[in-house]
Amino acid sequence: MAWTREQMAARAARELQEGFYVNLGIGIPTLVANVIPDGMTVTLHSENGMLGTGPFPYAGEEDADLINAGKQTITELPQTSYFSSADSFGMIRGGHINLSILGGMQVSESGDLANWMVPGKMIKGMGGAMDLVAGVGRVVVVMDHCEKSGESKFKASCTLPLTGKGVVDLLVTDLAVFEIDRRGGGARLIELAEGVTLADIEAKTDATFENCLG
Amino acid sequence: MAWTREQMAARAARELQEGFYVNLGIGIPTLVANVIPDGMTVTLHSENGMLGTGPFPYAGEEDADLINAGKQTITELPQTSYFSSADSFGMIRGGHINLSILGGMQVSESGDLANWMVPGKMIKGMGGAMDLVAGVGRVVVVMDHCEKSGESKFKASCTLPLTGKGVVDLLVTDLAVFEIDRRGGGARLIELAEGVTLADIEAKTDATFENCLG
Amino acid sequence: MSSKLYPDAQHALAGLTADGITVMSGGFGLCGIPENLITALRDSGAKNLTIIGNNVGCDEHGMWLVLANNQIRKVLASYVGENKILESRYMNGEIEIEFNPQGTLAERIRAGGAGIPAFYTRTGYGTAVAEGKETRQFNGEWHVMETGLTADIALVKAWKGDAVGNLMYRKTARNFNPMMATAGRVTIAEVEELVPVGSFDPDHIHTPGIFVQRLFVGQNYTKHIERRTTRARESN
Amino acid sequence: MSSKLYPDAQHALAGLTADGITVMSGGFGLCGIPENLITALRDSGAKNLTIIGNNVGCDEHGMWLVLANNQIRKVLASYVGENKILESRYMNGEIEIEFNPQGTLAERIRAGGAGIPAFYTRTGYGTAVAEGKETRQFNGEWHVMETGLTADIALVKAWKGDAVGNLMYRKTARNFNPMMATAGRVTIAEVEELVPVGSFDPDHIHTPGIFVQRLFVGQNYTKHIERRTTRARESN
């Protein structure tokens, strides 16, 4: 009836292309690393200063000087390079990262993204999310379609404070996939999760979208 | 009657202090490297991307990948580091170089410097001179007091296009030494070359200066 | 020759701390933080500090020690999770936090060290981060003006250093340290290993000695890991 | 896997040159210039080029080859001495030169590569360089606004490189190359030595492979020295 986290990650992974440099956010986007197609070379960027992040280390081989942006211990690969945070965000801001896949709290039909704070709750900070959505060429957001309350997270306009304005190119939810035109051309429904109907989406979506299902 | 080039360099060298990072321009300033006081640690910066420039190499040991900003072959020292041009001028612009000693065509009593172009003649470019005078904490200019024509090069205001406005702290000529207040406090004559009189300076100087000879 | 070498963190900080100063401190999470200098900063007792860093430690670790000792008035950071004292003080209005996007923070520090008073970035346009800041179009896109940052002292952690202050960092422990080294009016570096001058390949040096005014060999590194993630060893 | 490796300069430039494009080319004087790519650019015959580089070669060497072949319309540089053809063409108005202070040029390229459309610098305030540019006070000092630079192609010379595009430079041959590598829409690197992926210590890499789209091993380097200065060997 709806995609699992793994299925959402797998759908997001279909946005990968040979030779891409990719930044994966925390949560479901992290799972994309596990489903990179065989034979495809994709280099993962970690904004704390690393290109070419490898898998988690074997127990006992953790290195406190080698973590990803989620502060998890990781390993390096033969092609790995390290650099400063300024150089790392130079890559991001300069448009050198091909694809950013990150989580969201709300996405609007014009591509606004809110994913860093909820008024009244503790603000932890935006980390690198604002830089990623402002700098990376293509931004894919992966999030549940609705709040637990049932409220649509894909909205006419975001009610939460924004992470970026007009920055989302593709939205993958547990129910469907939408293309969004950052330049104001609106949102287009392009895929449904198995067993989900257009009527389901219409009922559960606050945003206006064009139906472009094959 | 007037200082030689070597004596001018020696006078400029008296501005060096222990631990200083120093950039030396082309011409007379280059000679300062030969008269660094014994026992004083001074690190020479070359704006093409090197800290800790060493002496010229022995014949046969020249390395085309190792030159100074004057494009002369040089050597490295144990403390040497290399970096990019952006990082090198970050050092300059960020105020990390303690002292810049460079040549001049004209200096004004308010500390303006002209040393990069003469209208009507071929313009070769300012190289790093504008960055040096704008960024370095203390700027010393070493130049002849007069043109060959006898015209004073220390002027009420520069007639040549400027390299920097209000940027010179000390002027060493072949006849005298002047302190200049970048903040508009005027110029002060503080030393005479041996055999030079105040009357000589007054006769040969276009700039207004206060006589502060001991 | 005047020496940059100090016996320990306390001596290296001596004379540099005072109430109300601004302190940059390197690290991403607890990775690459100047552990010895943070402890010495706590022991200095200096109050009303402004701390510039990507994070402010996490519970019981890193800059949390200075926070828990009531020495911090204001923080510039990109992320402050996993830090209960900071949460409660912030929610109670006892501490000011200026949230900066991580890349903007890194670039502001880099700019401060490189003599760039301000620059423009797309990051944060149309968000709370841009409020009160100049915005402007370049190439048809809106940008936000951000200013350079410097600090009274910058506390930096490197892997290896030499007596003239040349530094090398290790893996992702590099992070904010190189820019902060350039942006302190006085930069103090702690290193795990002091190497003889001349033992670095000069092409490998990350921070040239010009940026480092004081240096010492740190001790008793805990290098606490926030999220120890491992994988199972494949069976043969 | 798509490969970044090309057999030589001509193949590496194929499809990238066209009349009127903007080309960045690394080097300081003749030190660290992409000799093979410059020759291939000349052989491409592309006209009306805009060249961004600290210099434009010197008589008979470097970018002078492209200049002498009448391919250059405009130059952005900090110093163009020792180049008689350029002198005469400039004085005759046949070529446009935009003089940039060296540090401003370096920073503009760094900014272009890092997505910074504009920044402020004290450099050039009150001089011809500031004419027509916005000026503004920060911290009581006047500054000039300068814009970021990018190029259609960036030609970069490194010492060693690997198949994923990681590069290391050697000594002062580094100069403008690392920033230019970040600022080309397509960056082509020539290296003296191709090393296996994994042979670099990842802490030593100067230019991460993300910035390099094409790479080849250069041949027949002349590395002409402009000012051969030596000292006498001390007698025993």
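Note that the chains take the letters A, B, C and D in the order they are written out, and that residue 1 is the start of every chain.
Everything below uses one rule, namely that a residue touches a chain if its C-beta (ideal position, glycine included) is under 8 Å from a C-beta of that chain, and two chains touch if they have at least 3 such contacts.
The shown structure was predicted, so the numbers you read here are calculated from the model rather than taken from an experiment.
Colleague: Could you let me know which interface, A-D or A-C, is made of more C-beta pairs in contact?
Modeller: Greater number of contacting C-beta pairs: A-C.
Colleague: Looking at CA centres, what chain is most distant from chain C?
Modeller: B
Colleague: Please report how many Å separate the Cα centroid of chain A from that of chain C, as a whole number.
Modeller: 28
Colleague: Just curious, how far off is chain C from chain B if you go by their C-alpha centres, in Å?
Modeller: That gives a centre separation of 36 Å.
Colleague: So what's the Cα centroid distance for chain A and chain B, whole Å?
Modeller: Distance between chain centres, rounded to whole Å: 54 Å.
Colleague: Provide the list of chain D residues touching at least two other chains, using ranges where the numbers run on.
Modeller: In chain D, 107, 110, 114-116, 121-122, 169-171, 174, 202-203, 206 touch at least two other chains.
Colleague: Can you pull out the residues of chain A that are in contact with at least two other chains?
Modeller: If we look for residues of chain A contacting two or more partner chains, we find 76, 82-83, 89-90, 92-93, 135.
Colleague: What are the touching chain pairs in this one?
Modeller: A-C, A-D, B-C, B-D, C-D
Colleague: Quick one: in the complex, what on chain D touches chain C?
Modeller: 107, 111, 114-122, 138-139, 141, 143, 147, 168-171, 174, 201-204, 206
Colleague: Where on chain D does chain B make contact in their complex?
Modeller: Chain D residues touching chain B: 28-32, 54, 77-81, 87, 90-91, 97, 99, 101-104, 106-107, 109-110, 121-129, 159, 169-179, 206, 223-233.
Colleague: Taking the touch rule as given, give the residues of chain A at its contact with chain C in the complex, in rising order.
Modeller: 46-50, 55-74, 76, 82-86, 88-90, 92-93, 112, 122-131, 134-135, 161-166
Colleague: Taking the complex as given, what residues does chain A use to touch chain D?
Modeller: Against chain D, the touching part of chain A is residues 18-19, 21, 39, 41, 43, 45, 51-52, 76, 78-83, 87, 89-97, 135.
Colleague: Any idea which chain D residues touch chain A in the complex?
Modeller: For this pair, the touching residues of chain D are 1-2, 110, 112-116, 162, 164, 166, 182-183, 197-198, 200, 202-203, 205, 208-211.
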